[in-house]
Structures are given as structure tokens and as C-alpha cells.
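Each structure below is given as C-alpha cells.
The same subunit A turns up in both complexes below, where it pairs with subunit B and then with subunit C.
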Partner chain A sequence: MVPYLLIAPVVIYYSIFWLFPVLNAIIESFRNVDGIWTVSNYIHIFKDPVFYQALSNTAFIVIFSVTIEFILAFGLALLINTKFRGSSMFLFLAMIPMSLPAVAVGAMWSSGLATRGWLNSFLMTFGFIDDASKILFLAGGKMSTMLLIIIIDAWTVIPFVMIILLAGLQGIGEDVREAGAIFGGTKFQILRKITIPMLKPTITTAMILRIISAIQIWLIIVLLYGFNRLPVLLEQVVLNYDQLGAEYFERIGLALSVLVAIIVSAAAVLYLKVSGSFEKEVKQDE
Partner chain B sequence: MATLELIDIAKRFTKKVWGVKKMDLKVEDKEFIVLLGPSGCGKTTTMRMVAGLEEVTRGTILLDGKDITDIPPRDRGISMVFQNYAIWPHMTVYENIAFSLKLKKMSAAEIKERVEETAAMVKIGELLKRLPGQLSGGQQQRVALARALAVRPKLFLMDEPLSNLDAKLRVTMRTELKAIHQQTNATSIFVTHDQSEAMSMADRIVIMKDGEIVQIGTPDDVYFRSANMFVAGFIGTPPSNFFNVECEYTKENISLKHSHFTLEIDSMKFQELGKYRGKEIVLGVRPEDLLIVPESKAVFTAEVLVVEPQGSHQVVAINLKEIIVKMVVSAETKVKPGDKIGLGFNIKRIHFFDSKTENRIVFKGGV
Partner chain C sequence: MNNAIKRQLKRSAKRSSLYIVLAGIAFIIIFPIFFLFSFSFMSDYETYSEWPKPLIPSFKANFMIDKNSEGYHLLIFNKSEDKYMPFGPLVFTNSQEDIDNLRKFIKLQSNSKITSQKIMEYLKIVDSKSRVEFSIKKDLLANYILFFQVVNGAPKAVLNSLMVAGATILISLTIGGMGGYAFARYFFKGKNILKLSVLFVRMFPAVSLAIPMVIILAKMGLYDQPLGLSLVYSVGQISMSIWITASVFMAIPVSLEEAAMIFGTTRAGAFLHVTLPLALPGLAASAMYSFIGSWNEVIAAVVLTQFNPTFPVVVYKALVGSQGQINLITAGSVAQALPAIIFTLIIRKYIIQMWGGVKV
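Let's look at the complex of A and B:
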């Protein structure tokens, strides 16, 4: 009885502030404006070409930004973990992007990337370009807009991934790597056969967290490009629910958010399956 | 099999902190060398330099005459057992032992044979499919040992390998390690701070203090002919007793005056004490060389403070105001705290140290 009493406050809190709104959103997504049960909201979404664009854009951003973030963050974590002279200062500098709120990041980059923004003036001051050849960062086609988003997203979250990986690295004793060196391993072999396998739980955690939040990317895109220029899933949720101002679209937004939730969970489960994290748990249970 | 030579090696960590100040050592083929000293004496640093895990600040390391000072650990032909085992938790016991063999590109059949043979030698033949997390500390230690042995190294390094085991297992493993050494004959260096471990395993013991060698010698050398007061006070359970005595010289005799006793010794046998006439020197006596004698023959009498039974013998502590003197007596001796006992010295086995340099005073006549 006592354990249930102890978790009761959390259960009550979640029921009121989480479970209830979630259930409500799910229910309302299956009703139309007149309160009649229907799947028309979902049919609307599945018939809308923008939804498929949003889906593929999101998938593209998730795959590339998470991959780039992981590779760079892991490299940085390995570098800082060598504890070279000045590494703690470097760590401090590398953390700065993480401390900025998303709106500030958006404002910073949109003011920087504008045609008359600080990035162009910087390049002009140092004579790389002249007034006539200013780079139109934000005017590119779909591919370059997406690349820009990936770069900015990576810039923002690499410190976050790096901190998680660094913490994991520091939890692995120096001696297992030294043993690798003694027993014939080159630096690369030690990394591949000892460090990475031992770091796997940490890598899984970092990747899951990153995949989930990458699927939910939207604010930076809206701040740079506005709505509907580069459709992604969550941006469409916000657009429908909050911006279009008609109850019909609000319900579309609810249905979309249910779909996003399903996609996020599916992606997380898929990642755990592919990375073999489930198998390991089963093995240990035996 | 190999010889190892350390020529004037030193390790500086920061501007003022030296891990090893100066070290010269020649390890013979098949020899079992123990580096012994209190923590911070530089013994582990020395071993890590030999392993290549630590760069040397100065000096040369020769293995079989070949300079290995600057080559990476994997090309040195060494293997090592770490204090915390450092076996890889994500690999099975088999994979742990086979790791280095695979990197050497041995054939699968050869690897299998070598792993099984080595595992049998350290008695973990049935554990090959397990993961380290499913093993006890002692078993993990054996895996670390098997992994190091499987390489058939020229030089076998062990960094306090027994310090994480419980007391009983530690003593068992000592014997096994020594037996394995007799079987493989690999030149070995063993680091420990436990002097009884060092005594029981070493061919020669290298005693270190503050980054320098204090004495190199066989277990008998360091015990019976300790080079200075540090060694005499470090080796032995309990270690040597020290008495500050004043050295008075007469024609026939030398009298050594202590606040509690005066010991007369033969001036012929201890001629070298001549130059200490009228000065203070240190008398060193091993606990078993202090004897309980009838009061009529006693050099001095004293009161027993504590008796510590050890089964095979007893340790008796005597309070002499400023110092506590410890002696080892047979299990049958009947003594209890508060008893007045008469004490004598085993003159053949007493030692003298210069009170300034703390070095042993050597006598031509032996002792």
C-alpha cells in the first residue's frame, strides 16, 4: 500500500495535466465541428499533399541532422576527453549554443542570414565578397533551405549530444582502453572494439533523445522562413491548430499531433530494435 | 624470454613533481622482480613507463637489448595485469582472452587452442562463454591473468593484481602466480605495497621510496641486510625495532647506552663502530631477535603492554615510555599484559644504523 501512496501525487498530477489533455485531444481529433464521430480529419490530412511534403522534409532533416550531430559531437567528446591543455575552456565555449533559447537562436541566425544581415557584412568587411555579390542565404531552393536548417539545428544541439557522450566516456575507466593498447590495439581499433561498444547505452540514450526532438523541429524553421515555406510535421500542427483560426483546422491540428506522437514513438521503438537494445535486456533477464 | 634494462629513467609530472627521480635496474631473463614501496613511491609509474602507457621524461628502456623507449605499447612484446582487472565487460571471457590473438591475425584454430590452454592453466576453462559481469572478483582476476598469459609475452607486468581480492584468496593466488611463473618462466615485474607479498614471490625485490630505489636484493638481503632504516622499518611483520643508543668505547667492550638499558658488545666483532665513539647511533632489532630470558641474564626488564596471538606465534608489545617495542615469541610462551619480563638480544642478528644518514653500518666480520 505504501508504495502506491508514495507515487500517488505523481499519478494524480499526470492524470490532470497530461493524461486528460492527451485523451481529450485524441477524442476531439475523431469528431467534427458538429461533434459527430468521424475520421474525416484524418482523411483530410492523408489527402493533403503538404502532409507528405512535411513528412519527407522531417524525415530528411531527422536523418541528416542526427547523423551529423552524432558524428561531430562524438568527435568533440573524444577530443575533450583527452584532457588536453585548455580542454575545460574549450568545453565551456562549446556549450554556449546550448544555453541559448530557440527563439534567440532563430533571431540570431535570421538576422545573420538576411541579405543585409551580419554574416554578409562580416564577409564584406573582410573582403571575401562585395556589395554586388551578397549571398542570398535564405532565398535558395528547397535543398539549400533544408541544409541551412540542418546546419543551424546541428550548431544548437551538438553541445547537448556532446555532453551526454562525454559523461558516458568519462564513466569508462581509462584502464580498459590502456589494456586495449597493451594487447595490440591501434587507436582506431580501441575506439571501434572497446570504447564504442562500452559506450553503447549512452549512445542509445543520446540518439533517442535527439531523434525525438529532431522530429519535433519547427520553431527555428518558422523564425527563418515563416509558415508553409518548408513544411515539417510540427510546424503544420502549429499552423493548423493555432494560426488558421477556424475550428475545422484546429481539429486537423489535433489529428496531426496524434499522428506526430505515433511517429515519434514508432521511431524510438524502431531505433531501439535496430540498435539491439532490446535484445540485451532480454539476455540479462535470463 | 627476455632481459629488461632501465637506464637512468625518470618521470616528471609537473614542474616540481617527479614520479620517478632516477632509476637504474637490470632484470635478468626469467627473473621475478617485485617493485615494493609505500604509495606514491613511483613503483606503478615505473611499470607504466615500461609498458609504454606513460612517456619517459628521461632515460632509456631496453628489452632484450632493443631500445623500446619510444615505441607504442602494442609493439613492445609485453603484457600486463591491471589492478582493477580492466577486462572488457562487453566481451565474453573467450573474447577477452582472444582479443590480442585476433589482432595478431592468428588462425581461428590456433586461437581456440591457445585460449583453451591458457584458460585451463588459470582454472577458468568452464567460464569461457560467460560475460565478466557474471563472474566473481577472483574469477575476473583469473580472466585478466589468462588474457595476459595468452600473448606469451617477453615481459609480464603485474600492477598490484591481488590488492582487490580478499585476504584468503590473495594468499592462494600468490602461490598460483608463483607456480605459473615457474611453469612459463616469463620475465616478470610485479608491483605491490604489501611487503609479505613481495617477500613470498620475488626473486629480487626493488624497494622504492620517493621516486628512487632504496635497495635491490633477494628477500633475504632486504630482510637480514636492510640497507637503511627505511627498509628495516618497512620489511617484516612487525617491522624492526629501533633504539637510539650512545656508543661508548672501552678497551674490551663497546657499551651501548639507552635510556632503559646498557648493552655490552664485543669490540673486536664490531670494530667499525670505532668512529662512532661517543656518538649516538641506532640499534635495529627484528621482533624475533628480542628474546625473553630469565631476569638474571636479562639486559633489561619491562612490562608487557599487549599480547596479539597469531596462532603459529604471538606478537608481544612492550611499552618503553617513548616507544612501543614489538617482539615475536612462540605460541607456547605464557605471557599476559602487565607481566614483568626479562629481555635479551640475539647479538648475532642485531643491526646498526648511522643516526644521521640512516644507512646501515656494515661490518667486515659479517652480520
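Let's look at the complex of A and C:
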């Protein structure tokens, strides 16, 4: 009886402030400004070429940034887990990008990547470039724009992914890997046959969290490029809901936000299914 | 013997290459953050009239006043040009009005404070010696003060942010802490399903929740109110608190509670007098995590506020609308970032501990 009493407030809170608004959003997304049932909001979205651009840009950013971030973060976590002298100091440092608010990250890079920003100033001061060869970081085409966003995103979140993986690595314990070494395993074999399989739950956690938040990238793009320069899903939600200033567009934004929620949930469930973690949890419950 | 030396050499080579890699990474992390801070201390003159911009803000500004038949001239030392450059009004006289304007101009453009009397004294020296060079200490916090003065509603936004964070901590820690205790101490039917739904709720896009909440909060009279925003933030933060507090309670042995119960306390008494004091640092960490989450959040705050924005929304709007100069905005961003950085560093042990306990 006691555990249910303790859990009850959570369930009640989620029902009122999560389930109810979510259902509300789904219902309202099928109504127009006059309250008439319709699918016109969704038709507007699916007829809009910008939506497909936003979809493909988001997909591109998610796939590349998550892959790159995971590989680099995993390498870093393995490195730090060797417990060298000063590793806690290094961890301390790695936590800073993770704690920076998104607007501060935006201010940091927009002051840096502007033509007269700190990056060009730095390069000029040390003689890498001269005034005539200032790099126009923000004026590139679509590909270089996305690449820049991926790099900035990597800078921001690699420490976060690394810390999750590191926590998992520290849970494995040295003895298992030592046993592997005693039985003649090479370092690579130990990594592949012992460390990675044992780390799998942690890897799943890290990947899910990253995929979900990568789909929701928008602020850094808007802060560097403004709206509509590189359309992504969430930026379109804010644009429609907050910027265009008409109830018609607010409804579009609402319908878009429902789509984003569906995409995010589908991506998470898909990843859980593919990695096989989902069945395991449900089975444990039965 | 020879082999031993070889091994030692190999080991130290490995060691040093590790440290080189680490130094490289540390450099990549610090490099942009350094410039964010650096910009926030720069005066308008350094930001807009020196090129390349100084990498380190100067602590003082150097001036020169000279004079010809038309009147006095003020010059400022430009580091990138490595010489004195004209600064402010082309010509000025020793009238009270001119000197007052000059004083204001110096303060606004170079973040340095000088009194009118001091300027008068310098002018007297110029009269006798034809020119004078002097330096004034820069007010390093000038951008921070100015940000809160010129950006509309910034001080109130900080207050709003604090209220939102406070309410979020209160709600998420009470409800989440109870849930976390249940997860740590009991087995009950549907525990794993509930664990998954907690995760799912946490992962749900904030904006997809914020937009429908606009109408619901408006009906409750809480739209554009700090409490309304914290009700939305608490949804995600309760999940976070459940994870953190569950890992905290799990680390405290049940046997301690059982021992207290043998000595005649009730279960609630054992919790109150034994477990709670031991869990306090962990609960504080959970509170700080909620603080960081709500202090940094932007998108739900953009949707759910109108006249009472939170601090990140104010900085975001200043940046998007290019309302202010970049040195001011970086000062605002640093002011916004500092509490989040400090709290993260305080609770870093718990963050690692928590992720060790979370398994999807």
C-alpha cells in the first residue's frame, strides 16, 4: 500500500499537467480558428515545402551530430577512465560546456563567428590571416551552415555524453577487464567483447537522450542565423507560434508541435526496439 | 635491464601523449568560454573601434589631450593601431557643458570614470605644456551594470526566473522525492512500466507541452505567471528528481532504518530521523539540478510568458533582435550562465552517480 501512496502524487501530477495538455493539443490540432473539426492545419504543413526542408535538415543534423558526438565522447570516456593524475580536474572542466545555458552558447558563438568576431581576431592577432582574408563563417552555403551547427552542438554536448558513459564505465569495475587480460585478450578484444557489451544499457541511455535532444535543436540556429535561414522542426514551431502573430499560424504551430512530439517519441521507441532494451524492461515487469 | 628501461620509456611516452591529447581537449573547451568572458569586460571602444579586437580586455584606458588654435582634442590609445586616435568630439572648450559631455562620453565609450575636476586639471596642464597623457582604470563590471539598466525588464526577469526556479524545486522535490523513495525501497506491480513512463514524460518535447498549457494556464489565471511556468517545468523536473533521489536513497542502507525501527520508532520516524539527514546532500543536489533546468530553459518560457519573461528569454530576445551591443549581450549571457555553472560544479559528483544508476 505504501509505495502506491508515494507514487500517487507523481501519477496525479502527470495526469493533470502532462496527459491532459497532450490530449488537448492533439484535439485542438484538428480544429481550426473557428473551432470546426478539420485536418486543414496538417494539410497546410504537409503542403509547405519548408516543412520538408526542416524535416530533412533536422534528420541530417541528428544523424551526423549524434554519431560524431558518440564516437568522440566514448573515446574520451575510455581515456578519462584510466584515472590519470588530474582526471578529476579534467572532469571539472568538461562539465562547464554542459552547464552553459543555450543563450550563453549562442552569445558565445555569435560574438565569435561574426566577421569581426573573436575567432577572426584571434587568427589575425597570431598572423594566420590578414584583414583582407577574414573568414566569413556565417555566410556559407547550406552544407557549411549545417556543418558549423554540428560542430557547435558537438562542443556543447560531448562532455554530457562523456559523463553518462563514464558513469557506466565506472560501474563495470576494473576486475572484469583484468580477467579478460589474464585470459590473453588484447586491448581491442577486451573493449569489443567485455566493455561495450557490459556498457550497453548506458550506451542506450546516452543515445536516446542525445537523439531526442538533437531532434529539438533550434536555439543556436536562430541565434546565429535568425529564422528561416536553415529551417529545422522546432524553429518552425516557434516561428509559427510566436513570430507570425496570427491565430491561424498559432494553430499551425500547435499541429507542428504535435508532429514533433510524435517524431521524438517514435525515434525513442524505434531506438529502444532496435537495441532490444524495450522488451527486456517489459518482460521484467510481468 | 635494457628491457626494463625500454618499458619505462614506452610508458612515459604513452603518458605524455595522453597529456598532450588532454591539453588539446582542455584548450578546445576553454577557448570559446574565455572569449565569452573576455568580451563581456570590453568597452564599446575596444569592441567596435579596435581591429583585430583585443583578445584580453584591458584594465585601463589611455588618453591624451592636446590643443591647437581651434581648441582641445581628446585622443585615446588604440592598441590595434598602436597609436593615439581621435576620440569623441573633434574640438572642445573648457566650458562646464563641454567638459560634462566629455566626461559622459568617456564613461559610455571606454567604461572609465573621470571627474570633471580631473579633466579641468588636465586641461590646465595642457595649457602650460601643450599636451598631457593620462590613463584611467576601467570599470570592468560596467557592461554588467549597463545590461541591467538598458535591457528592458532585465532585473525583473531575474526575479521571475528565481521565482520560477524556487517553485519548480519545491514541487519537483516533494513529488519526485516521494516517488524516488518508492522506487528505491519497494517492489510493486508496474514499477518498470512506471519507470519507462517517467523517462518518456521527461523526454517529451517541452514545446509540445507548453503550447497546449497556454490555454489551460489562462483558464487557471496563471498564464504569464512564474507559478504557471513552474507547473510546466515541474513535469520534466519531477522525472529528474525521481532518478536522482532514487539513486540517493538506494545508497543509504535499509538496515539503518530497520535498526531505528527496532529501537521503537515508526517507519516514518526512521525516515525522518535516519534516512532524511543522510539523504540531505543528495536532495540538495537534486534541487540544484531542478534549478539549473528551469533557470536555463528557453522555449517553454518564450511560449508561456508575455510581459513577465524569464531571464534567458530577455537575453534571447536581446540577441535575436540585436537590441544591444555584443559586449553588453555577452555580459548578460555570463550573468545568466554563472549560477548554472556554479551549481553544476557543486553537484558534479551526484550527476555522475545519477547516470550510473539510470538504465533505460
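Worth pointing out:
Note that in this section the second predicted complex is superposed on the first by the 271 of 286 C-alpha atoms of A that agree within 3 Å, B and C clash if a C-alpha of one lies under 4 Å from a C-alpha of the other, contacts with A are read in each partner's own complex, and residues count from 1 in each chain.
Rule of thumb we're sticking to: a residue touches a chain if its C-beta (ideal position, glycine included) is under 8 Å from a C-beta of that chain, and two chains touch if they have at least 3 such contacts.
Predicted, not measured: the structure shown is a model, and the values here were computed from it.
In the superposition on chain A, A:155 makes contact with subunit C only, while subunit B stays out of contact range. In the superposition on chain A, A:114 makes contact with subunit C only, while subunit B stays out of contact range.
Contacts of A:216 after superposition: subunit C is touched, whereas subunit B is not reached. Touch criterion not met for A:132: it reaches neither subunit B nor subunit C. In the superposition on chain A, no contact is made by A:143 with either subunit B or subunit C. By the touch criterion stated above, A:173 is placed in contact with subunit B alone, subunit C being left untouched. When subunit B and subunit C are set side by side, the one touching more residues of subunit A is C. In the superposed model, A:189 lies in contact with subunit B only, and not with subunit C.
Interface of subunit B with subunit A (complex): residues 51-53, 72-74, 78-80, 82-84, 86-90, 99-100, 103-104, 147, 151. If you check the complex, the residues on subunit C that touch subunit A are 15, 18-19, 21-22, 25-26, 28-30, 32-33, 35-36, 38-39, 51-55, 171, 174-176, 178-179, 181-182, 185-186, 188, 190-198, 200-201, 203-205, 207-209, 211-213, 215-216, 231-232, 234-235, 238, 242, 267, 292, 295-296, 298-299, 302-303, 312, 315-316, 319-320, 326, 329-330, 332-334, 336-337, 340-341, 343-345, 348, 351-356, 358-360. On the subunit A side of its complex with subunit C, the touching residues are 2-4, 6-7, 9-11, 13-14, 17-18, 20-22, 24-25, 28, 76, 79, 82, 84, 86, 90-104, 106-112, 114, 116-118, 120-122, 124-125, 131, 155, 159, 163-164, 166-168, 170-171, 201-202, 204-205, 208-209, 212, 216, 218-219, 222-223, 226, 234, 237-238, 241-242, 253-254, 257-258, 260-261, 264-265, 268, 272, 277, 281-282, 284-285.
Subunit A meets subunit B in the complex at residues 173, 175-176, 178-186, 189, 193-194, 197-198, 200.
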